[in-house]
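Before anything else, here's the structure in question.
Every chain is named by a letter (A, B, C, D, E and F) in the order it is written, and numbering of its residues begins at 1.
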Amino acid sequence: MKKLDSVIMGCDKSFDKADLILFGAPFDSTTSNKAGTKYASRYLRMESHSSIESYSPYLDEDLHNLNICDSGDLELPYGNAEKTLEIIEGAVNEIFDANKKPLMIGGEHLLTLAAAKAAQKKYPDLIILHFDAHADCANDILGEKLSHGTVIKRIWEIIGDGKIYQLGIRSGTKEEFLWCEKHTNLYKFNLNMLKSVADKIKDCPVYVTFDVDVMDPSIMPSTGTPEGGGATYKEFIEAAKIIKGLNVIGADFMEYCPQIAENFSAVACGMLREFIIAVS
Amino acid sequence: MKKLDSVIMGCDKSFDKADLILFGAPFDSTTSNKAGTKYASRYLRMESHSSIESYSPYLDEDLHNLNICDSGDLELPYGNAEKTLEIIEGAVNEIFDANKKPLMIGGEHLLTLAAAKAAQKKYPDLIILHFDAHADCANDILGEKLSHGTVIKRIWEIIGDGKIYQLGIRSGTKEEFLWCEKHTNLYKFNLNMLKSVADKIKDCPVYVTFDVDVMDPSIMPSTGTPEGGGATYKEFIEAAKIIKGLNVIGADFMEYCPQIAENFSAVACGMLREFIIAVS
Amino acid sequence: MKKLDSVIMGCDKSFDKADLILFGAPFDSTTSNKAGTKYASRYLRMESHSSIESYSPYLDEDLHNLNICDSGDLELPYGNAEKTLEIIEGAVNEIFDANKKPLMIGGEHLLTLAAAKAAQKKYPDLIILHFDAHADCANDILGEKLSHGTVIKRIWEIIGDGKIYQLGIRSGTKEEFLWCEKHTNLYKFNLNMLKSVADKIKDCPVYVTFDVDVMDPSIMPSTGTPEGGGATYKEFIEAAKIIKGLNVIGADFMEYCPQIAENFSAVACGMLREFIIAVS
Amino acid sequence: MKKLDSVIMGCDKSFDKADLILFGAPFDSTTSNKAGTKYASRYLRMESHSSIESYSPYLDEDLHNLNICDSGDLELPYGNAEKTLEIIEGAVNEIFDANKKPLMIGGEHLLTLAAAKAAQKKYPDLIILHFDAHADCANDILGEKLSHGTVIKRIWEIIGDGKIYQLGIRSGTKEEFLWCEKHTNLYKFNLNMLKSVADKIKDCPVYVTFDVDVMDPSIMPSTGTPEGGGATYKEFIEAAKIIKGLNVIGADFMEYCPQIAENFSAVACGMLREFIIAVS
Amino acid sequence: MKKLDSVIMGCDKSFDKADLILFGAPFDSTTSNKAGTKYASRYLRMESHSSIESYSPYLDEDLHNLNICDSGDLELPYGNAEKTLEIIEGAVNEIFDANKKPLMIGGEHLLTLAAAKAAQKKYPDLIILHFDAHADCANDILGEKLSHGTVIKRIWEIIGDGKIYQLGIRSGTKEEFLWCEKHTNLYKFNLNMLKSVADKIKDCPVYVTFDVDVMDPSIMPSTGTPEGGGATYKEFIEAAKIIKGLNVIGADFMEYCPQIAENFSAVACGMLREFIIAVS
Amino acid sequence: MKKLDSVIMGCDKSFDKADLILFGAPFDSTTSNKAGTKYASRYLRMESHSSIESYSPYLDEDLHNLNICDSGDLELPYGNAEKTLEIIEGAVNEIFDANKKPLMIGGEHLLTLAAAKAAQKKYPDLIILHFDAHADCANDILGEKLSHGTVIKRIWEIIGDGKIYQLGIRSGTKEEFLWCEKHTNLYKFNLNMLKSVADKIKDCPVYVTFDVDVMDPSIMPSTGTPEGGGATYKEFIEAAKIIKGLNVIGADFMEYCPQIAENFSAVACGMLREFIIAVS
């Protein structure tokens, strides 16, 4: 009797043999709109075997030919953002300590704060490349400083001015947009400037944080706070090719909510395949 | 204890202080395909607080900075199109009498007939700017003259030749298309000609009637009679910018059906925000 | 090449050879809550071939052994309740004139008014046997006298006191319940009294009007105004056996809304099979 | 122009004139399975006007005849359970200070901890009457002490042995069941013992906490952790009648998740009507 | 980094240490109505960790205390029923050869034919205890002898008269019911006779085949051919207790289709827990 | 009483009078992901009357003006791919023998093998024009040679090198892509090269096989194996215009799965209208 692997398709190397360590981070407690991203990694594992090829004709690469370990899901305490961030930071530190690259599957976007902290400790000159529909630069949400709507502000407090590049942003308060003008490199509405951003940061260590709501809701409706006017699939493929040329030292794939528009799980798996290849 | 407002987000001025008066018109009795537009205004009120910012980065304006009153829903008698039209006409007359601008949230497209009547009384040289997938110029539907498929024909009977501009139309009988060639200004398939239309009508009082099915179903599936090949979100934003430059004296946002593809409610709220800013 | 029949399964006799004439009445314009009953007959035709046997082990009868004609759907003008009722009344008159029994598949409950009128003309001592969650005895709904919430009141105006038996009723205003006490035979909450009702009316011509919301929503969620606390499937089967012993001269099956909880279409088809056998 | 009220139907008295103060508590951060209860109060307000009568034929009472104020929703910080509990406790204290009765619409079950604290302060001999599928007596969930799976344990720490009556419980660890045997009054599987419980506690001040998952999932699928084998609607009605005879000093209606099985919103509204009448 | 197990909760023993060997059989090619049972085992694995306790208060047993191995899914060739049956028969033979008990998670009901063949070879005096809404005794479906609608007839051809006990059957052609009267022990409509059946077969080796559509669709809508009038959850629990007293030598849990009514996955997991405990 | 036709709208000519013979092929047994294409033809018949005009403004043609017969559905044995292919081949031979053109509504893509066989017999210099997201050139799927993932390889075995033109392909193993380079004319990712392909094949008899998953999932989510990055509706319209200029001798419309994203049925009907006009 053959037992099926329960990893993202093709990500079946051991921790020791792998260069890229994928893990799930099932937490969505600060989500202000529809929750459910805590199921993302499980669904993607289940669906990746049903619905996609491990080979990308766009990037001409096969997941099986890369050294990737899907190490499973962290156990995270629902409702306790602070402790959750500590656990994730510890896990990412462990990966960096083993001289490997982390790839977190969210969960909500707040969790990027923990990974960014660990990355900045390892790579002091870290650049954050941020794909999102939302600026995520509020100071607090209903009084809470730890929220998926404040994560970039919290990361900026660690990493400082000019280190964060934001693309695709098309939602926020006026205050957030004004704040970004001063403190981050904000490219509104689309990914058109990604190539020129890549040219600037190509020699730096880059952490890529990808909120799936940067995509147009027609392409990726499976997220809690969709915003019209996002990236097309073809723009996504172009972005993946550009990212592949960067010095990526860690990455995450956040805010995918599999129970919304469940029939888009195959599209999500396909996107994840390209993203893994791009950052590996 | 703080009681939450139950108005479309940011539309919280009193009738007296407002320039734009928004109201819901919950009626969908002549709908030939899937009904449910009678729930549009309620859902949009509920969702607008969950899922969108009141600030539009596209139009650089915030709903809170405009003088808008969401005056609630009219009570309309299901199954009686004639009486429903009378009630709406009365309500719109009241708004015009107070020297304010109406914005009706449908409900089905037939209801535009009542608003157009009131508008034409107030502004005899009225222009109708009509966004839709369907010509809506049938003479009758299964014998009925009052139908969401005949509304433009009925308005033409009041307003006459050459006063109606139709954009995005991609569905109708051959007879309807031939009729439009003679009596309206029809721009088939897309919104490409909107800028040049705007140039022609920029000095006239314009009533904007927006059937959400002018959008591509990938962007706005939440409507009873979707048609492939519609406008993209980016085309919608361009349209909003152009409309903002017109002399809009009234408007409506019709045929949104929240129970179809409910997960697109955030996109619908986002579109409504841009539309309100554009016509206010 | 064999062309499949597009009739309710087993209801494939010609009008002339049939005793029971089934027809669809696609109209739902006065529906106060979620609409969609206009699709009922089409769906039931499509699904009846996928999902059920034509044989009922409960009633030990096969639809193929009965003489039933599914004569298709009437064309009804959406939004015009008055004209719709006229068309239905004409169609039912035609069936009675041919000395056959009508079975209408709704559509909304208002339509029963037309069938009851025709039945009362043919059978002056007519009894109405009414299964429903709602009393449907309002005088008007938002000012409209023709509504699915007023249909029993309208029928009473034709047929008079004491001729209507209502079972399963568990929703209405206090006024409706008080009115029913004086004018109809009302059995609240369940079908427990059906046997004793049947004993009383067994020598009269009976028109059976069956609103599917008499069932518990757990069994039949596919309706616009579900009410908890309804009949179980086993109670339905018992009711079908009792109805089979009556002198049924016509019947209808109303308010089934196939797009709500679509996965219950097989259950609806099974119920329809029992109902057809019971009234044929 | 008439502006519709946006309160639960019939709950339209002012705070000062009301005896029962209803409020929404939109928080679901510790939810271990599908989240979404934060939308409950909003949906129930929206749906209550579409789908139910304000009169209950079961309890022969009309919401309009009771003095109830729907005071809106609290603003609660997602992801911060501790602060959320403080806000709720404050709000409930305020209601008790005004000598009124609170009725909280959850939100997740953890929130009952705050209301119970406030109630116990006001009524030192408080009894908790707990309807649920789950024992909710874990010591912690993944290390967290504040969770919807630990709430009864936390309340017991305040209120002590023998003061909590649990009905309908059919899920928990073996340890939880053993613990309950010692510390609470546990009636497993169904509501059969409610009458005899009521007899025991009829002279005490009772806080009723109602987790909708005590119902069978066929009746109330709209909850995050449904368990087969729950109460029927008829058992619920019997329970409501019994509760009406108690000295209820406060209550809550928890864990309703409107986006799961949305077509059961009418059933949920119907249940809420009976519950409000029962505890008022 | 802790890697989560991907087995049905609590079924985590090795093949060698286990007494009961659970495996998935993802095949649904002969399904005459809605397909999708091929996903059952994967979903149940994913969901069992989210939504249920491993302890059953009904049977007072914990899955962790039993020796069960979830050995994963077989690889089955979609569209080739014959070869699929061979693979399953081989796998079940292997389990019997190791003196262990098989528990197959379907997939469609045809697959029981393979397991029954293997069981009858091992236990020549085998009894089949069959729970189902459908007789499954057609001779062929559209000319095909291997179908989920013919499986019991095919098993009878191996096992002979009087060895099959069928409970809950409420759908079939008249011919099937007549055939069953001669060749199987058929108990129509419900599970009332299970206790007396159990008394008769308590000394025989029994293979239990459980088609989830024996349940009422209100309890278990997640199946391709639901039939009204099935077993309640409480009847299911009683059945589980009775089965626990039998000499079960193998079992299966068939026709669960997770994508239909996905929100019932927790109920399905709960049922599976009881079923595993009952047959282990 | 008027009986409604139950054919795809406008396809109401008799077999003898028609030039194009449309038929349904309800079979989906080898489907590797979500099944349900067996319902496609039924749904399209039902929906075509609800939701679309018979006139195409894009191609300026009306279905009623063409000679098309919708001859109904074939009866196909679920689970038996071989026999199913024989039945379809026989049916297509019959159509060719009557000197008419077949248009098959799938069902799964494997079925094209039967139609291609019949077409190649009639037209030995046949060209296959293949629209798809997937190469469909695997040698076998889990050991099965007859599968919807192998159909183009099987057709190539009959028709040979260079006769197959594939457009829109964006999924397959690396081996499939390499194989296609040698044996077919493969145009990856989009339809950009269709015009130049059309120029090459314009004098040959062409069979057009259209897998709806060639479209972007945002436009046509109703299919079992959607792939991001497909054709837009406008590209589809351009393709239809080009196809209209070819010598099409037969065609099919495959892999439409109506139960996935059911609200896109109107879009599917619209696409089918354009496709019928293009190939007729």
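Everything below uses one rule, namely that a residue touches a chain if its C-beta (ideal position, glycine included) is under 8 Å from a C-beta of that chain, and two chains touch if they have at least 3 such contacts.
Nothing here was measured: the structure is a model prediction, and the numbers come from that model.
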State which chains count as neighbours of chain D and simultaneously of chain E. A, C
Via touching chains, chain D connects to chain F in a minimum step count of 2
Centre-to-centre on C-alpha atoms, which chain is most distant from chain A? C
Note, CA centroid farthest from chain D's centroid sits on chain F
Self-contact between copies chain C and chain D, residue sets same or different by half: different
Rounded Å distance, chain B centre to chain F centre (Cα mean): 38
Between chain A and chain D, the Cα-mean centres are separated in Å by 38
Out of chain B, which residues touch more than one other chain, so two or more? 32, 34, 50, 75, 216, 218, 259
For this structure, enumerate the chain pairs that meet the touch criterion. A-B, A-D, A-E, A-F, B-C, B-D, B-F, C-D, C-E, C-F, D-E, E-F
Listed in rising order, chain A residues that touch chain E in their complex are 1-4, 6, 15, 21, 23, 39, 42-43, 45-46, 50, 71-75, 91, 94, 259, 262
Could you please specify the touching residues of chain D with respect to chain A in the complex? 28-32, 34-36, 75-81, 83, 110, 141-144, 146-147, 259
Write out the stretch or stretches of chain A touching chain B in their complex. 32-34, 169-174, 177, 188-189, 216-218, 221, 225-230, 260-261
Could you list, by residue number, the parts of chain B that touch chain A in their complex? 50-53, 55, 57-58, 60, 62, 216, 218-219, 233-234, 236-237, 263-264, 266-267, 270-271
